[in-house]
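Following: one structure in structure tokens, then a few remarks.
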Amino acid sequence: MTVHRFDPTTYHRTFGSHDGVLTLASRDGLLTTTVDASGRDERGERVTDPGNPLTGPFLIDGAEPGDTLVVRVRSVRPNRPTGFSSAALAPVTVDPAYVWELERTDRRIDWQVDMHSCTARPSKPIIGLEGFQVPVEPMLGCIGVAPEAGQAISTATSGRHGGNMDYRGIRAGVTLRFPVLVPGALLFVGDVHAAQGAGELTGTGIEISADIELEVGLERGVRPEDRVVWPRGETDTVLFTMGNARPLDQAAQHATTEMVRWLRGRYGLSIEAASVLIGQACDYDLGNMFDPAYTMVCVLEKRYLPTAT
Amino acid sequence: MTVHRFDPTTYHRTFGSHDGVLTLASRDGLLTTTVDASGRDERGERVTDPGNPLTGPFLIDGAEPGDTLVVRVRSVRPNRPTGFSSAALAPVTVDPAYVWELERTDRRIDWQVDMHSCTARPSKPIIGLEGFQVPVEPMLGCIGVAPEAGQAISTATSGRHGGNMDYRGIRAGVTLRFPVLVPGALLFVGDVHAAQGAGELTGTGIEISADIELEVGLERGVRPEDRVVWPRGETDTVLFTMGNARPLDQAAQHATTEMVRWLRGRYGLSIEAASVLIGQACDYDLGNMFDPAYTMVCVLEKRYLPTAT
Amino acid sequence: MTVHRFDPTTYHRTFGSHDGVLTLASRDGLLTTTVDASGRDERGERVTDPGNPLTGPFLIDGAEPGDTLVVRVRSVRPNRPTGFSSAALAPVTVDPAYVWELERTDRRIDWQVDMHSCTARPSKPIIGLEGFQVPVEPMLGCIGVAPEAGQAISTATSGRHGGNMDYRGIRAGVTLRFPVLVPGALLFVGDVHAAQGAGELTGTGIEISADIELEVGLERGVRPEDRVVWPRGETDTVLFTMGNARPLDQAAQHATTEMVRWLRGRYGLSIEAASVLIGQACDYDLGNMFDPAYTMVCVLEKRYLPTAT
Amino acid sequence: MTVHRFDPTTYHRTFGSHDGVLTLASRDGLLTTTVDASGRDERGERVTDPGNPLTGPFLIDGAEPGDTLVVRVRSVRPNRPTGFSSAALAPVTVDPAYVWELERTDRRIDWQVDMHSCTARPSKPIIGLEGFQVPVEPMLGCIGVAPEAGQAISTATSGRHGGNMDYRGIRAGVTLRFPVLVPGALLFVGDVHAAQGAGELTGTGIEISADIELEVGLERGVRPEDRVVWPRGETDTVLFTMGNARPLDQAAQHATTEMVRWLRGRYGLSIEAASVLIGQACDYDLGNMFDPAYTMVCVLEKRYLPTAT
């Protein structure tokens, strides 16, 4: 396995068929860095425009539409001691008549992110919430590939190609699978959060720059029934599928449908078996309900899977 | 504390202002039984019509609109060795064009529910899923109070009064709070599931009859800012709020709004403090996305709450 | 044909199995009155509690579940010269972040309703909108039958039984069809608006009391394929179907599905023929997007229907 | 006024910052052609790939972000005698459990489009619907500008930039206003339908190639309160605003919010006056509920507008 070190100098705010910055072969490793959502790097300096600027795209050698891109997330490590978040719940997250109770503010909360104690706390105590701290659980807010047909999709949103899913489960230890939609796949990554509540209800996690380590893989000759339609994830203990859409209902439909496909394709389950398994054993996570497309995640513990497979 | 034993002979399929079957005082305990969603009791005999027939209503002595009804769930214990579920995902749970892949069937799966090993498994192995079993984690599919203004709301659905929320978190150890909407509150309970996947995507959990033990409480003289608008729950480790509506977005808005109210009223947090707390530390559970109203649950771990309160 | 005159003394705020106030035979006419949404009558006096109090229920002789109740609306005529509306768009009708721009007010607009000129105008000119008047096009905000299974559904909302649909098309000249869900059908009517914009975006039309004239009919022995599932309407020129739900998408799905059923059952069209007809010739009206359930209406001009039928 | 004649040789399937094919000055006219959604021209020959290939983009001389692009649609005229549509309602348009009743087919209906009689009828009679014909009312399924920030958005969907709105109101006689989001605005146009039902429920209108005539205008120095946020339209008798999103509720919120902005900015109305006007006098049209983003249109008759302005 070759491990590549890549230091980005340009960033993209769309998932599109931009020039590859580096070619990776299947099983190659990658060490690189990401700037925060506002375009600031490990020194806190703005090196590019704000709006989820991403590192990449990385061209996957030999990838063709119909293949599956595998991305193993080995490490996501904040590389500076401070992050920021918004101070206000987004209007869309509360009852319409409760919006009047919310503050109309762009105020930011700065956070001390301590990688030794693995905790983050507001730099300036919040009145009434003194002592509040959260565990640092770094996640990739954005990861995905270039969409098909010449589209360039904003890194503010998400779709079948992945994107700004803001799901806490995209962290070290997870293996993701994306559909290859253009030759070379073109992998983008960025928008790291040191921590985040489910749903990203203030429109931000604790936004931070990071060092990341990935390993890529390519699955070719994929049978139609094994094709990845919506992004898939896997850890030692769970399978998950990510649907991106509005309303949440549609996002959940995408995720559930993808889980059924996965169980049928890879595990050979009948519709009935897949239905019973999902019906009595699955769980759902909320990725985000802030971005233009929301994200719902269908999660299934591996202990429930057919043992013989 | 008085513990009442109540053996139901009638059941209701609406949450409404029906005659109370028993009057409970605040801090009273209640031992009773529930039939399954199809109206069958611990002997498997149909004793009432199907459609989530509920036990109750229990009249809470002195309860008036504006008060809070507290229900501590002490025990939910299936009282027979077999349950049933549907064999098919509901059409609303998958992508519209994937409905054609689903079976159009009313077939039932029967389950062996073993309270010794605390596991449930299909009575007849499902091909491809031999050996499949799930832990028994009994939950109350339906619990709630009579709605205001003479309404009688089907036990198929849910609302501010609670109802058929089908949330796995409503189980032994949880303390629930409901708004009192009519004099006497009128508590109903039933529709126990021995286990269920999140979302109740086949329209059923493992439906079963049960023995249950509750303790009720009444909070009077509630300040306006402490009023329960949507049902609330609490365990040793978490607070949660339940929103019921379609689409899931609106259910989540109700749940989030109720959590903000709770944090402001009981913990005295400012909007900013509540926003930061929810934004970086909350989680969401999916109750159901099958019933006429869906259920989303906002969950907050108590370890994040202000320590001085 | 017998025409009954009924002067109400009691009103209901739920569609439920209340005692019938009068029995009507198929083809009977009915002259009665309705109070406004706030419970005020033709003298402007509050004769009952606010919240869409309705006149009825009228028992339809011989009606049984599975039958179809036909209601011909002969006349809806405001019986006093003043109505009222809200002065504010409801928060749910605008973008969440635009709610801050809206006024948080309960202010009412009073309207002069002139049945001679058939126009309504604000009693006190609205600054910037001097001279504003709208045609009086009286409509029934609420009409429907008792729901099944002992439910009593608030007159604030709607469903398969009809209810508070707030659709401008429910006016003199229309013939409505409802499913009979309980013995006797139990018809309720009220909540007249002298005029209303589509969607009822301020949560009110021009609310007023009225004299109304209806004719009822009963269709028995209905074939399964001709059963009314969602309320249907018909005028000299159009057929329409009304779906009630949230989000609007689901309401539209109900309406479209009901139109397909109608075209298949009554006109014998194949799925393909119904699809082509709806796809290239139907229209949609927005009933309301304010009430707990929204209303979308699928409208088809009769000139497109098969001529031989 | 200069009228340009442009014969396209290339087409685009994204709204993006592609090279301008022709520069137009404010008040210039444009005569051009569009191919149908499948890439076929006036001879029925496939000259480009299917998927709503569009003519353009036309660069508007001097247009800068913050300006308003005005497009007057002078003429939309099918330029061949045949069109096509789908034979099947899309699954998303009916109740989830009714999808099983729909045909799973890609069958096409061919249409004779007669510009003399101004009618379209299926080339081969549809059984049970013999004699069915619809008036030819040609409309532009797609029209819009390049989005900001380097995005390239598929011509299958829509947004603030316009796009595939599939609204029947975009036809000869309408004047549209779009936000200029990139220098030169970059206007795209195509996907003409000879006719279409509201909602485009089969996923197609009567798809056809066309000759079109437009006139463009540019409004510069636009005050912030007059900025176009969502596309606006105007005819001799109405104003309308188009919101694009899912669910329909959000699309309607966009449209309503834009109408409020318009009434406040151009007509100087207070929030109260705009609320009363919209609440009692507006109408809503359904653009489409098939594409990835749905379209709802808020329509206001000009006769209700303040007379002095």
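Letters A, B, C and D name the chains as they come in the text, with residue numbers starting at 1 for each one.
Rule of thumb we're sticking to: contacts are C-beta pairs under 8 Å (C-beta built on N, C-alpha and C of every residue); 3 or more make two chains touch, one makes a residue touch a chain.
Bear in mind that the values here come from a model prediction, so they are computed numbers and not experimental data.
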- Item | Between the pairs C-D and B-D, the one where more C-beta pairs touch | C-D
- Query: Comparing residue numbers, which of A-C, A-B or B-C shares more than half of the contact pairs of A-D?
  - Reply: B-C
- Compute the distance, rounded to whole Å, between the mean C-alpha positions of chain B and chain D. 47
- Message: As a quick test, compute the distance in whole Å between the mean CA positions of chain C and chain D.
- Response: 32
- Note on the structure: The positions of chain A in contact with two or more other chains are 92, 96, 246-247
- Note on the structure: The answer for chain C against chain B in the complex is residues 13-14, 16, 51, 149-154, 245-247, 250
- What residues of chain A sit close enough to touch chain C in their complex? 90-92, 96-97, 99-100, 104, 247
- Residue ranges of chain A in contact with chain B within the complex: 85-89, 92-96, 98, 101-103, 107, 109, 120, 122, 126-132, 134, 195-202, 204-206, 246-249, 252-254, 256-257, 260, 267-286, 289, 294, 296, 304, 306-307
